[in-house]
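One chain, subunit A, appears in both complexes that follow, with subunit B as partner in the first and subunit C in the second.
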Partner chain A sequence: MVTAVTNLGRSGLYDWLMQRVTAVILLAYFLYVGCVLLGGVDYPAWKELHAQTWMRVFSLLALLSLGAHAWVGLWAIFTDYLTERLMGTTGNVLRLAAQAVCALIMFTYIVWGIQILWGY
Partner chain B sequence: MLQVSIYRYNPETDNEPYMQDVQVDTGGKDLMVLDVMELIKSTDTTFAYRRSCREGVCGSDGVNMNGVNGLACITPLSETVKGSKLVLRPLPGLPVVRDLVVDMSMFYAQYEKVQPYLQNNTPPPAIERLQSLEEREKLDGLYECILCACCSTACPSFWWNPDRFIGPSGLLQAYRFLADTRDTATEERLARLDDPFSVFRCHGIMNCVNVCPKGLNPTKAIGHIRNMLLSRAT
Partner chain C sequence: MRLPVTAWVSIAHRASGVFLFAGMAVLIWALDASLASPESFASLRECLSSPLVKLVVWAVVAGLIYHTMAGVKHLVMDFGIGETMEGSILGSRIVIALSVVLILLAGVWIW
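After this line comes the complex of A and B, so read on.
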């Protein structure tokens, strides 16, 4: 058993399942939005679509999924390439810094996204 | 004449590894790569590599031939040489002891972690613990592993985290005991694997399946472990 405290859900299975579930949600969301756009949409129709509660919930779900999906994926990349094994203690500093920047960006996107979804 | 480029490194005399070019007269025959290595060694006795059975059973002569891991003794030149050049390197990702000899400690440490032996504390029956034919069939494709390390050293996840990711070979062995109906430690075995590194560093790129000289499928075994973890937790 390898211990890790910076991954999404402490357990490998949780992260793995979360990445797959969020991928399905993102696929459904982008397919739907893509179909709407391909069907031809003007500004009033677009605004009306996003004014509906179900669409806001769907968009928020996709946004949260994007955050979780990106965290699991980037966490794996950081713990592959920015490690003590490869570059000594510098690896640990770089990895924690990269994770902090990543977390900040995702948190900002989520708060900003909620503001956009319910603010207009 | 076959042109062979071999990775040479003797830590006692060389500051760093280098590639040495050697011409080998194969007599126009489709030799095994190990035969070529033996021919080179007959003229240069300082050339070091591991070998034993010379028939793909012992798993000692795992090397990287023209960029692909495999057993030198059962790989014919016609299979690996495209053009007229053979490049021989040690298995990637493991520390080199000398020339083509690598230090397998990290590989064995991961093997040890999965406790690769049958665990059953119930009183043993008079003769033996029996299995049905169907139960025994589940072990086919798992027990044949010879621990040559060709798969684990072809896996990028194992290159980056050899101390934390068990690797395809170790996981194939883990599933060999998870799938064994005579083993009663399934729960403990699964509990030890449910972290973000041991199993889940496998991203399913199947390099292991590509290079396994015994034709085994570690990716499939890893998928089974994942499913067992999933049914246990949901």
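After this line comes the complex of A and C, so read on.
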């Protein structure tokens, strides 16, 4: 049975596009932060960078993209390996449990990230 | 197991994706410590000088480099480039070669 209830966009094509868009955003973010780190930073410069509104927007965008990207990606993996076809009802239970755990972790990442970006 | 190079690149992309999902906790933790206060920034520096922590950071960075290289291959192929069997094998070899080089460079940088 194919259930399109736990995928992000309720549509494979939409999920596929989300996976690409978020991948490009993550790529841009890691390239940028990587370059900054390669250049070397001390605390004042690093703090100053993350105090800028555009940097906070960029970071939050990357964090939310990570959430969508990981959800779509992990969904594909769970629905490939943890299935009714492979292990009967256990598959369904395991899959939903795995998704619940990942959703909780992702939610924690996002709230934690917001707190870091705006909290200090 | 004998599988074509393309299969290994694909499986490793999956594995690195799952690994990164967990690895992001390390990066967010580091971001937290780096921004909280000058003291926590200094203690993060301190912490990052331990070989074990370096190894963990290197593992996450390596996962990110590999996943990104294989991810870019996906994106290139989505534009219809290299979709043939030969193209894909060549693409897979490029992904492996670039990843190895960049991961080694990252290792040099971290140490």
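One rule holds in what follows: the second predicted complex is superposed on the first by the 117 of 120 C-alpha atoms of A that agree within 3 Å, B and C clash if a C-alpha of one lies under 4 Å from a C-alpha of the other, contacts with A are read in each partner's own complex, and residues count from 1 in each chain.
Methods note: a residue touches a chain if its C-beta (ideal position, glycine included) is under 8 Å from a C-beta of that chain, and two chains touch if they have at least 3 such contacts.
Because the structure is a prediction, the values reported are computed rather than measured.
K.L.:
Answer with first, second, both or neither: which of subunit B and subunit C does A:111 touch in the superposed model?
P.N.:
neither
K.L.:
Applying the document's definition of touch, where does A:66 land relative to subunit B and subunit C: first, second, both, or neither?
P.N.:
In the superposition, A:66 touches subunit C alone.
K.L.:
Would you check which partner chain A:96 touches, where first means subunit B only, second means subunit C only, and both and neither mean what they say?
P.N.:
neither
K.L.:
Quick one: is A:21 in contact with subunit B, with subunit C, with both, or with neither? Answer first, second, both or neither.
P.N.:
After superposition on chain A, A:21 lies in contact with neither partner.
K.L.:
Touching A:79 in the superposition: subunit B (first), subunit C (second), both, neither?
P.N.:
In the superposition, A:79 contacts subunit B only.
K.L.:
Touching subunit B and also subunit C: which subunit A residues?
P.N.:
The overlap between the subunit B and subunit C interfaces on subunit A is empty, containing no residue.
K.L.:
In their shared complex, at which residues does subunit A touch subunit B?
P.N.:
Listed in rising order, the residues are 1-4, 7, 11-13, 15-17, 75-76, 79-81, 83, 85-86.
K.L.:
Under the stated contact criterion, what part of subunit C meets subunit A in this complex?
P.N.:
Against subunit A, subunit C makes touches at 14, 17-18, 21, 24-25, 28, 31-32, 34-38, 41-42, 64, 68, 71-72, 74-75, 78, 109.
K.L.:
In their complex, what parts of subunit B are in touch with subunit A?
P.N.:
156-157, 160-161, 163-164, 191-201, 203, 226, 229-230, 233
K.L.:
Considering only the defined contacts, which subunit A positions touch subunit C in the complex?
P.N.:
Per the touch definition, subunit A meets subunit C at residues 20, 23-24, 27, 30, 38, 43, 46-47, 50, 66, 70, 73-74, 77, 102, 105, 109, 112-113, 116, 120.
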